Structures are given as structure tokens and as C-alpha cells.
Amino acid sequence: MSAVSFDAVAAILFIPAGAAAILVALPNYRMTAVVNVIASLLTLLAALSLFVTARPAPGQYLLVDDLNIVFIVLNTFVGFTTSVFSASYIAHELETGRLTAPNLRFYHAMYQIMMFGMNLAFVSNNIGLMWVAVELATLTTVLMVGIYRTHEALEAAWKYFILGSVGIALALFGTILVYMAAQPVVGAGNNAMIWSVLIDKAARFDPALLSVAFIFLLLGYGTKVGLAPLHAWLPDAHAEGPTPISAVLSGLLLNVALYAVLRFKLLLAANPQAIGPGPLMVTMGLTSLLFAAFMLYRRRDIKRLFAYSSIEHMGIIVFAFGMGGPLANFAGLQHMVMHSLTKSAIFFAVGHIAQVKGTQKISEIRGLTESHPGLGWALVIGVVAIAGLPPLGIFMSEFLVVSSTFARHPWLAIPLVFGLLIAFGALLLRLTGLAFGEPRGGMAPVQASYVPMYSHLALVFAAGIYLPAPLVAWFQHVAGILG
Amino acid sequence: MNSTVALLLCGPAALLGTAILAVAASRLVYATRLIYGAALVISAALLVTIAGHLAGSPGEVSAITLPLGLPWTGARFRLDGLSAFFLVVVNLGGAVTSLYALGYGRHESAPHRVLPFYPAFLAGMNLVVLADDAFSFLLSWEFMSLASWALVMAHHSDAANRRAGTIYLVMASFGTLALLLAFGLLAGPTGSYAFDTMRVAHPGRFAAGAVLGLMLLGAGSKAGLVPLHAWLPLAHPAAPSHVSALMSGIMTKVAVYGFIRVVFDLLGEPAWWSGIAVLLIGGVTAVLGILHALMEKDLKRLLAYSTIENIGVIFASLGLALAFKANAMPSVAALAFTAALFHVLNHSFFKSLLFFGAGAVLTATGERDMEKLGGLIHRLPVTSFVFLLGCVSISALPPFNGFASEWLAFQAILQSPELPHWGLKVIVPAVGGMLALAAALAVACFVKAFGITFLGRVRSPVVERAHEVDRWSLAAMAVLAAFCLLAGILPGFVIDGLSPVTLSLIGDRMPVQTAQPWLSIVPIAESRSSYNGLLVFVFITISASLAAFVIHRFASHALRRGPAWGCGFADAVPAAQYTAVSFAQPIRRVFGGFAFRARETVEMPAPGSLEPARLKVDMHDVAWEIFYQPITGAIDFATERLNHLQFLTIRRYLTLVFLYLVILLLVLALWP
Amino acid sequence: MAVIFELAVQGAQMLSVLLLAPLLIGFVRKVKARLVRRQGPALIQPYRDLIRLMRKEVVLADNASWLFRVTPYLIFAATWVAAALVPTFATGLEFSWAADLIVIVALLGSARFFQALAGMDVGTSFGGIGASREVMIASLAEPAMLLIVFSLALVAGATQLSTVAAFMGSPQVGLRVSLGMSLIALVMVAIAENARVPVDNPATHLELTMVHEAMILEYSGRHLAMIELASFLKLVLYVSLISCVFLPWGLAGAGAGPKALAIGAAAYLIKLAVLAILLAVFETAVAKMRVFRVPDFLGAALMLALLGTLLLFVSRSL
Amino acid sequence: MNGLTFDIAHLLAGSLVLISFMMLYQDRLFALINVFALHAVVLALSVAWQAYIQDAHHLYITAAIALVFKAIIIPVGLHRIIQRLGIHRDIETAVGIGPTMLAGIGLVTLSMVLMLRVTPEADPLAREDLAFALSIILLGLLVMVTRRNAVSQVVGFMSLENGLVLAATGAKGMPLVVEISVAFSILIAFIVIGVFLFRIRERFDSVDVGALDDYRGERR
């Protein structure tokens, strides 16, 4: 492994960790936001350098391949933009006194630890390590969800914590089972947990063990992905935590869990006798899509609304990956990226909206395009994008998913389309209320940081019109890997 | 040879540029003139380009592939006869509308909500017509819907408009999903989304049927076929009038284009029965649409409903063409197809004209409710004249254009006995009856529209203050009226202009018309049937002027003004006139029963009491009650039930997880 | 030379219908009067009426618009053109190829369109009543008429009247149920269109029952004359339509000489007389019906016509 | 390996399952906690035994943790909490004891069926062990979902986690076992502390005396 490239991977891990340490120690809390932004930026740069530098050969613990590089770059990018957004957001929270200076230090340190955990989960080559990393990220988010110390926040955090812990346990058992399945073939010891080793020998593993393992992993990590009926923690965690955390949860943490599921899907797909992961994932995907679509209608809290839409989209993505095949996988990847960008942009907008309106109740927010055009139109574009309308990126992925599905299994496409339509109706209904009509609620001009949300939306728009050839080739390659 | 299409693509690009410019400039004073002027110029330029192409080499195809859209397919664009024709329709409409908007737009209360989306809307329609692969087609299609939605939402402070916009966009995306499924079938699992690969790949019987049905759902929902029409009379009037004109006159035609492109072009040879569904739906749509229009008292909604009727006529003709094509009668199929396209053109003319008129009335009086208008013919002489011409054309009266196309459709229907299949034999004349009924009702409807709005005595003070609208608007309306007359008296040229399209899609064409003596049109043979708009026009003018001359030469010129005969009551109040509702009453008595489940209840005061008697009429939109309310009800029910899942205790959530785990494990245990 | 002759014949026909129209009305009235044992007005009374109207001054309602004044000429012109297109005594004239049945129906339609508008122009409730009832009747009569046209066209394979007439004259027609149905339907439509009993009573001036009269209530003087003349023409049109389609005997063919034309003319006059008498008898025999029973009457016509068409389709394929 | 070692391991694992069953029919909190302590002890024994037969010495740490932390500290702590918060002492069941037992039996058979499909060339000890571990986990979950008291749910979770440790140690030569067991102990500590901090007396799902049942996510 060449020294340069190892540095890149190491940097991705050490910058957040170091930053966290600094933030904890940092006496001046005003600086924390700045440090946070800088650290995130550096991490992003390190991640980008992965493109130019040669990749390290898969090691004992770390691995960089085409699959996870997508996730890493996306992760660090959204992490960076979110840190920018959170700087302005947290400043306002400080003014209104919802947060205090010590909170602030804690918050930013946690933010970096979370980034560390997620990056570690992505680059880890060892399924045990991956498990640890995912749990680390989860626990940090639990702490941040509860940061407001309000009754609701604490309850949301508690719910998240308990359900999360059960998920952790199940995932761990799955991991152990995978080890047991691998051990006779690979031999005892560390090797039996190294993913790059497992994937080569997967064909000779015991299919029954592997199948049971996958079920536990699907449920364990699926809890984090927020698939129905394991989703219960997700809406409240999104609604009660600070908005940057909602953005990160929807935009990133779900992807982390999804990434884990994908890894094991590959493992299972490599073993012909084991149960096909496809049907399971398709079922869970459809369930989540339909369930979330219906749940969207009765929402009163704007952040919870978009949390449910995250569940819906995770359903679509899992469905796509479950369908498999070059088209569907391509669509799944694209949909995941687009959803991360769009959803975090929406949460950026929602955060500022909730701050200027002083409420999260949908019924008390009206006519945003009149009172705050900048935020209002950002919300409109975001919702239009998330609802899968052109010319924005999600349209392309939904186009591919639906059409390819209908061509292959017409009867699967019907519920899919149905769910999409139901969800669309709900989102549009709420959007009409929020963005149009006579303005209601706080009219104060907002000192928002428009750059993050509009840059996200611009990216989504560009991707809807034009995907650069190298990106496409790369996606297609990854789609090929995913089988 | 892709220069033409490349050139044409510059148009939409320029329009999009204008849209972006409008975002920046929309609050400036001269923004309105700037944007609409730009739109006018661009549409005109596009029109000229197309004209040049048609004049030079009508038949030939030019295509181009841009490295946009779906990576491995690319954004393909193609110009052939069909798209050329629809480009003419779109850009003619666009140009005239922009001209109208130059004046009308000044009265806009929220220009920053209209100006950016108007050029985008035009661009979207152009792109749909040019697109040559499923992705770009759907992208432009939905972009078009999105832009028009934004325009509908322009006056969003009115709750009704917001509702209209929401319903509109939901229906639009329903249609898009239907189209998406159709294209999915056509493209097959390999995902070959380019149209030219779809052309060569012929789907099986079932697939073809499914595609046809999905197209009826997808394109039909956009065009406003019953029962998918519910959004149309809400959304079209909600937009600013020039946009209503675009949506009603042009966008519905783009939907027709989508249907033709897929069903006639991509789907290959139709099955013999494929025409039946289209025919029936077309006929029913025509009758129900015009009946609804008759019951309306809101001028713009009346026009929207009559759009539904015309769409029905068009689809009925298309169904005929499909039936004849499927049964190897290309010449007649060409006749029916020509009728459909001709009617597309005509409707784009007079519907835009009428909406412009409605817009003029709106600016002059601020009223859309006919029952508050009346007597406008004295206040708005020019507007009322052109509006009258529009009414004559849409009522399919000779020598105007509406009659020419409907006459062709009837001629096609008369050829139906040659059809081999019983179903068609019986259905076609029935549909013919429906079309005749619709035509007759259209006359009634527009007698009402013009009579109540422009004639009679003034019903409310708003009319007193009304005065003629600006020159731009009048010019636009005059142009359209001229088109209506020209297309009516010289239909031969239009028909010959359409021949390349029919040749490419049907494989046959109508005989050359412009060579006929006296410029009359002869679908099959002169001995069978022929129509000469020019001659009729000349005859009527001559005999009318002759009569007038004779009268004024020999009869008395004396003329006296006096009060109208009030049956003994001196100057009855204007409220005593017939209103829109009372005018429709006889027809409501005849058709209302089954069409709207209309009920009239009379409340008589007690004998001797002096209260007025009351007549209450309640009508139902049957389609709405049968199709839409159950769906919304079901969704409401489901959400209510599911919503409890938001309020469970952690233990119950854990139970869910646990049960799910156990179920999965059981599945695994029972796995073979 | 031949062309001039042709044109002359064409012109003769146009003039003849124009001149015959009042006479026909007068004749019908006379017969009706005689049937009820009255002396009745002179045959040429309608001419006198028209001339008198021409001489009188026009009294315009206060807010009558230009449309109100233009309409009589339009109605007259449209009706006259339509009437002139129907072959009376000869087929295959110079312009008879323009005599398309659908066109004729549509021309009458436009005449009605403007008449209804004129009725609403003044803004009295009578005009409204008349217009709304007129369009209601038309909305049923026109489809019936078009279906009749369909079945004729299906028999003759053409919508062009002279061809149809020629075909009906030829022996190959034979007796057909559907033709009988269309005949009955056509008669019913003709009655409705010409505002005769039982649909409407041309002689009444009781506002609540009148339809046609209500629309032209505000007209006077020369305008009224034009409209009256137009309505006379309309009757002639229908009568000659029925006669040329269902009694096509004696029609002079294309390029026929003066002798054949003379025979045609004579035959035509006889047909007119016969039909007029029948009409008069019918009108005296039946009573006027309520306005809202008219839809049933016309609905029956519509059904008959549709049935005729369908039967024809069936018989075709047998 | 020779029969004896196998049988002992087998015996210990089996007795763990048995003790899990015992948990199902406890109706007193203290009794439940004591049973759990027993569970932890047996776990410690079996882990130690595994450490001995695989002579993997790091496993002794895990065993020690199990013994000290789970068998002593946590039970004592729970006793304290119960006394402090004055939680009343008997267990409310969401599902009656009888059905719960039946369900438990069903779960055990299910896990057996699943694991017996595993091809025998996977080391038999692992196979048996996994079957037991799986049943312990499922039984733990069952306790969590059928018992209403927070404390009993905590206990359920801990027994579940014992099953995990059993599986992990049973897997020959599995790395990170110690780390994992430590991590889990911390997790459990968090939960217990949370129970104490948030004064969760009765229900698991309302963190404050003030609001025992009204708020669950969105207010109605």
C-alpha cells in the first residue's frame, strides 16, 4: 500500500477524531463552530484526494473500493455543508437561548465523533469493526437528539436509544453468525471477519447459517435505515433534535446503515444456495414506501413530515437494490445520492423556517413564498425534487426504477407507482399549505445561510439534466458489482 | 441532416434563457413587455424555421442526440412530419398568446409569479414535441406540467386556485406515471428508451393493449378525457387568461400529440378492436363535456368544459383512424386522421381566441360570472365581434373552420359500413350520433355564452365602467379570427399540408385537394361528397348584400327607437332577462337527469304569504362522485387507521420488531 | 354557351324557390282554412304581407345592437343558399355538387344560431324564452337530421344531394325499412324545424307557448319581412328535400334539355301541392303539445333515425 | 475434541436456556433479578469453560466481566433503584404467563429447526451453541415485549445480550469478543442509568413522572 494513499484514508479518520479532541478541550466556545467547519472541510478534501491517489490494498481493517468511495465522498460533502449550515443555525439557537455555551462544545465534539464513526463504518474492511463504527455513530446521534433537554427531546432520544440498542444486538448476532459461517472455510481468527476475504470465499460458506445471519443483519441495520416496521425511532428523532442533526440523520446515517446492508447483500448474493436477499429487500422496501406514503397525510409537524418522506425514499432505494440488475442498481445508487442531497437541503430550509416562524407546526406556517421568498422557493424546489418531478435528479432514478420494474415484474410496479402517487399527493398538499396562501407566523427577515441548500439543489438539478460520463461509468461499474 | 432540429432546439433554449432572465428582471417596470416580446420573437422565429422546413422538404426527418438526460441513451430530438405539424400549432399559439399578453400582461397583479414560468411553459411544450426518447419526452412533459402548475398558482391567495393547482399537479403526475409504465413496457427490461428502437420492437398482444390503455390514462388525463377531466375545469380558468388560452388551446394538443406519437407511431400495427375504446371514450367525452359547459355560468369554466368536448371529438376521430388503419382501409384512415389533426389546429385557433375574449372581458369588467355581465356588445364592440366569430367557428357553422373539420369527421364515419367487424359497425354510427349531438349542443352552449355575456341589457354596474381593451390584445384576437375564417374557406390547403403526416403514420393520404375545381374539398370522390367553404362564403355574402341592396333600394328606410315590448309591464328590470342558468333550463330538463342527476326543488310560500317562491337546482359531477370521492375516502380511512402507529409505546414497537423477526425466521425455517 | 344555359337554370332554380316560398305558405293556409270550413285569405296574401312589411318603418328596441339589425339579412342569406342548393326540378346543375346534405343542415344551423342571438339581444324575457327553447329543440333535431343524413348517405353512398336523388330515382333502391324510418324521422324533424303544429304554432302569440315567434317578437318592418321570407324558404327547403329524396320522380337529370326541365318543373309543383295538403291536414288534425313534451317527440325522431341507420348497417352486411 | 468437554459446554448452554425460561414465569421483580444474576453466573461459567477448551485466555476477561458486572453490580444496582423509586414489586404482564411459556417453547423449537439445517461440517459445538444462543436471544426479546415494567425489560435486554456473548464465545477464535462484551456492558450501564435518571418507574416509554402516557411522539 503506497504511503500517500494510506494518508488519505487515515486523514478521513484522524481529522474528525482529532477535531473532536480539540473541540472538547477548546476553551473558547465561539471558536467551536469555526473549528467544526474547518475540520469538515479538511475531511472532505481528504476524501476527494482518494480519487487522485492510488487506493490502498485491502488491509486488516481498512478498505477503499468503488462501492464505498461513493459513500465516503457523499458523506464528507454533506457533512461539510451541514457544518456550514449548522454554524448559522446554532448561532441563532444560542441567541434564543435554547442552547448554552457548554452545550455548544459538546455538540460540535459529538458532531465530529459522529463523522468519525460514519467514515470508519465506510472504510472498515472488518465486519466487526464496521459494527462498532455504526453503533458509535448511532450513540453519538442519540446524545445529540437529546441535546435540547426538553421533555419531547429526551423521550425521542430514549426511544431512539432503546430501539437502537435492540437493533445493535440483532446486528451483532448476525455478524457472529457470519463469522461462524466463514470460520470453517477461512479458518478461525481475524481473517473470518475481513470482508474482502469473505466475499472471495462466500460461495463455500454454509448457506443456512448465512441466511439466518442475513435476516438478523437486515433487521439490525434495517432498524437504522428506518425501514417499516422498524422505523419507530426515526420520525421523533428527526423532529426533536437540532435540525442539522435531522439533516445528517436523513442524509448520512441512513446511508451508513444502508451501506452495511448492501455489503452483506453482496456476501449473500455470492452464495447461490442461500436465500436470495432480493425478495426480502423488495418486500421491506415496498412496505416502507406504502406505509410512509400513508403516514405523510396526518402529519402536523414539518420536520416529522420530512422524516417520513425519508422512510419512503429509503423504501424506494432498498426496493431498487432488491430488484437488482444494472438499471435498478444504478437507479438505487443515484436515488440514494440525490435523496441525501435533496433531503438535507430541505432540512436546511426547514431549520431556518422553523426559526423565523418560531414553530414547527405545519398549520401555523403559511405563504412562505410571500413572506420569505428565499426560503419558500427553496422549499418548493426541494419538495418538487423529493416528489420526483423533473428536471431534478430524483426523477431520473424513479424513471429507471419504475420503468425497469414494470418491464420485468409488472405486478411489483403497481404498488410501487401507487405508493409514489400517494406520497406525492401528501407532499403536494402540505407544500401548497406551507408555501402559498396568505402569509402566517413570524415575518422577521431571516439571516439564513442560503449557500448550502441552494448548492445542494443546484447539484440535484444538474444531475437531473446531465450526468458526467466518468460518474456514469463509475456508477455503472458499482451497479455491476452490486449484481 | 440534423441542422433543422438543432436550429429548432435553439428556440426552447432561448425561451429557458428568457425564463431565467425573467427571474431576475420580473420586478422591473418594463419586464412584462421585455419578456413577452422576447417570447413573441422566439416563437415567431421557430414558426419561420418550421415553415422553411415544410416549404423545403416536408417529408424528411432530421434527428440529433445531445449528451444530456439518460447517460446511455442521451437526449434525442427528432423532427418529422408529425412533430413539425404540432410545432406549428404550439408556436403559432405561443406567438399569438405572447402578442396578446403584451397588452394583457400589464394588468397582472403579481408579474413575478407569471413572467418566469411563461417562457418555461412554452419551452416545455416545444421540447415535448421534439423529444425522441422516453426520458426526454417525460422530462419535458412533466416540466410542462410543472411550469403550468406554477402559473395556475400565480394567484395563490385564492383558496380555490390553490385547490385547483394541487388537484392539477396530482392528476398530472398520475398521468406521467401512467406514461412511464407505458414506456417501460415499450422499452422492455433492457431499457432501450430511444423511440427508434421502440419503433422496430413490436410488443405482444397483451402488451400492446396495456400500452394503449396506459396512454389513454396518461395522455387522456392531460387532455381531459372523461372521467379524468375533473382537474381541467378547475385549473384552466384559475390561471391568467392568456395562460388559460395556452393550457386549453395548446397544452391539450400536446397531450394529443403524445397519444398519437405512441399509439400510431411507436406501437406498430394496431389490433382491430383497439379503436373501440378510443371511439367510445371520445364520444362520451364530447357529449358530457359540452353538457357541463352548458350548465356553467362562469365564462372561463364554460370554455374549459368546451375544451373537453373538442378533445372528445378529436379522440373520436383518432379512434376512427385507428379502427380503419387496423382493418386495412388506409385511405379512410387517412381521412379520419386528417379530420383529427385539422380539428386540433382549428381548436387551437378558436379556443385561444375565446379565452382571449374572456380575458378581455375580465380586464374590462373584473367579472367572470356571466350573470353579472350582459350588454357588453355596446361597450366592447371589437372584442364582441371577434368573440362572435370565435363562437361561430367553435359551433361548427359554415363557412368557418370548425365546420370543415367536423364535416371531414362525419365523412369518415360514413365510410364505416366497409368495416368488417360487427362491434365497430354498430359503435361507429352511435358515436356519430354522439358527435352530432355534441355539435348541436355546442351551438346552444355558445349562443348562451355570447348571448348572456355580450347581448341583452346590462346586468351589473361593472359593465357600465367597461371600455374596450388595448390594441395588442385586439390585434391578437383579430389575427386568430382571421385564421378561423381562412382555414374555413380554404381547407384544401390545410389538408394538403397534413398529407406528409398521414403518409408517414397511416401510409396513405387524402387525394390532393388544392387541384380540385373551385378549391372545394373532396374526401373520396366528388360524386360522393364535397364541400366548398369558399363558395358557401361567397354565396352567403352575395345573397346577403343583394338582399340588403334590394331592401335599401326599394323598401322604406324609416327607423324609430322605442322601448322593448314588455308585455304591458313598462321597463322591466334587467334582472327579468334570461340568465345563464335559466337559459340552460330546458336542456337541463332534457339531459340533466342522467348526466348530472340534477334535481329541481320548488319551495312555494304558504298561500297568502308574500315570500318569494324559490327554485333550487342541485347538480352533481357524476364522474367526480364515482371516481374521485371514493379514492379520497379510502385514503382518508387508511391514513386514519395507520396513524395510530405513530402513537404506540416503545414496548409495542419492540413487539413489532420481535414479531417481524419471528416471521422472517419462520419463513426461513419453512424455506425449501 | 352551355355554361351560360347551366348558370341560367341554376339562377332560375334559386329564383324559383324564392318566389314559390310565399305561395306555398299561402296555399297551406288556404287549405287549412278550408279544412275548418273557413274562406281563408287569398293565396297571394303572404306576398301582400311581405310588401306591406317592407313599406313599414322599423321600430328598434332601445338597446338593440348592430347584431340585431344585421341578423335578418344573414338568416335570409343562409336559408336562401341552403334552399337553393336542394334540387327542386333538376339534378346535376352547375353548382349542385356543392349541395352537400350536411352543409345544408349546417347552414340552417347557422341561421338558427343568429336568430337565437338576435332573440337575446334586446334583453326581454321573451327573447330568452324563445332562444333557449329554440336551441333545446335544435339540440335534438339536428342530431336526428344528421342521422337521417347518415342513413341516406349509406344507402346512396354519398352525402351529395343530387347523387342521392339520382340514386333514389334509380330502380336499385328497392323498399327498405330503414328508409321508411328515416322518412318518418325526417318529417318529424321538418315539422319541428319549421315551427309547425304540434311543436310550435306559427299563428299563436301567447308568449308562454311560443318559441319561434318569441325570438322575433321585437322585429318589425323590413327586418321582419326578411325573417318571414326566410322561414317561408325553410319550409320550401324541407318540402323539396323530402320530395327530391323520397319522391324523386320526374327530376331532370344532368345536362337535360328544356323539355325534361319543363317536366321536372311540373312534377315539382305537383309534389309541393301534395305535400302542402298533407301538412295542412296533419296540422288541423293534431293539437299543439306542451313545450316540455317536445323533447319526447324529437327524441322519438332521433331514435327512429338511429334505428334506421343501425338497421342499414346490419342489412348492409347481410 | 473429546465428548466430555463437549457435554459440559452443552450442559452449561442448555442450563442458560433453562434459566431464561425461569425468567418467563417470575412475577416478582426481586425474584426476577435474582434469576438473572444466576443467568449471569452460569454464563460466566460457560464462557470460562470455552476459554479453557479453546485455551483463548482473553475470554477469561469476558467471563470476569459477566461475573462481576452482570451477576453482582447490576442486580445490586437494580435492587437499589427499585427501593429508591419505590417501584411496586410485582411484575405486570402484557401477556399471561401461560401463553408466554408456550410462545417461549415455540421460539426454542424454531431456533432448533433453523440451526439444524446448518450442515454438520460446521463444527458441532458451534451448531449446538448457536441453537441455544438464538433461543436465549429470542427468549430475552420475549421478556422485553411481554413485561411492562421498565426493570424487567432491562433484565430481558441483558439476558438477550448474554445470549450474544454466549454465541460470540462459542464461535472459535472470534476476535473482538472482549471489546464487544465491554461495549455491551457500557450500553447496559447507560440503560440502567437512564432508567434511574429519567425516573422511569413503571413504563419504559415515558421518561418522566409528569407524563406517564400522554406523549408518544406527536401530540394528538
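Just so it is clear, A, B, C and D label the chains in written order, and each chain counts residues from 1 on its own.
As a convention for this text, a contact is a pair of C-beta atoms (placed from the backbone, for glycine too) under 8 Å apart; a residue touches a chain by one contact, two chains touch by 3 or more.
Since the structure is predicted, the reported quantities are computational estimates derived from the model, not experimental observations.
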item	value
Furthest chain, CA centroid comparison against chain C	D
Rounded Å distance, chain B centre to chain C centre (Cα mean)	35
Distance between chain centroids, defined by C-alpha means - chain C, chain D (Å)	100
Rounded Å distance between chain A and chain D, as computed from the means of their C-alpha atoms	31
Chain centre separation (chain A, chain C; CA means) in Å	78
Set of chain C residues in contact with two or more other chains	none
Shared interface positions of chain D, touching two or more other chains	114, 117, 141, 144, 204-205, 216-218
Junction residues of chain B - those touching two or more other chains	646, 648, 650, 654, 661, 665, 668
Complete list of chain pairs which touch one another	A-B, A-D, B-C, B-D
Residues of chain B defined as touching chain A within the complex	67-72, 134-135, 138-139, 142-143, 146, 153, 156-157, 159, 162, 165-166, 169-170, 173-174, 177, 180-181, 183-185, 187-189, 191, 193, 635-636, 638-640, 642-643, 645-646, 648, 650, 653-654, 656-657, 660-661, 664-665, 668, 671
Sites on chain C touched by chain B in the complex	54-63, 65-67, 73-74, 76-78, 80-81, 84, 95, 97-98, 100, 102-103, 106-107, 109-110, 112-113, 116-117, 120-129, 131-133, 135-136, 138-143, 146-147, 150, 153-154, 157-160, 163, 207, 217-218, 221-222, 225-226, 291-292, 295, 302, 306, 309-310, 312-314, 316-317
Chain C-touching residues of chain B, taken from the complex the two chains share	374-375, 377-378, 388, 392, 395-398, 403, 407, 410-411, 413-414, 416-417, 422, 425-426, 429-430, 432-433, 436-437, 439-441, 443-444, 446-448, 450-452, 455-457, 520, 526-532, 535-536, 539-541, 543-545, 547-548, 551, 554-556, 558-567, 572, 574, 576-578, 582-587, 589-590
For the chain A and chain B complex, residues of the former touching the latter	158-159, 162-163, 166, 170, 211-212, 215-216, 218-219, 223, 229-230, 232, 235, 275, 280, 291, 294-295, 297-298, 325, 327, 367, 369, 384, 387-391, 395-396, 399-400, 402-408, 413, 417, 420-422, 424-425, 428-429, 432, 436-438, 464-467, 469, 472
Of chain D, residues touching chain B in the complex	94, 107, 110-111, 113-114, 117, 138, 141-142, 144-145, 148, 153, 203-205, 213, 216-218, 220
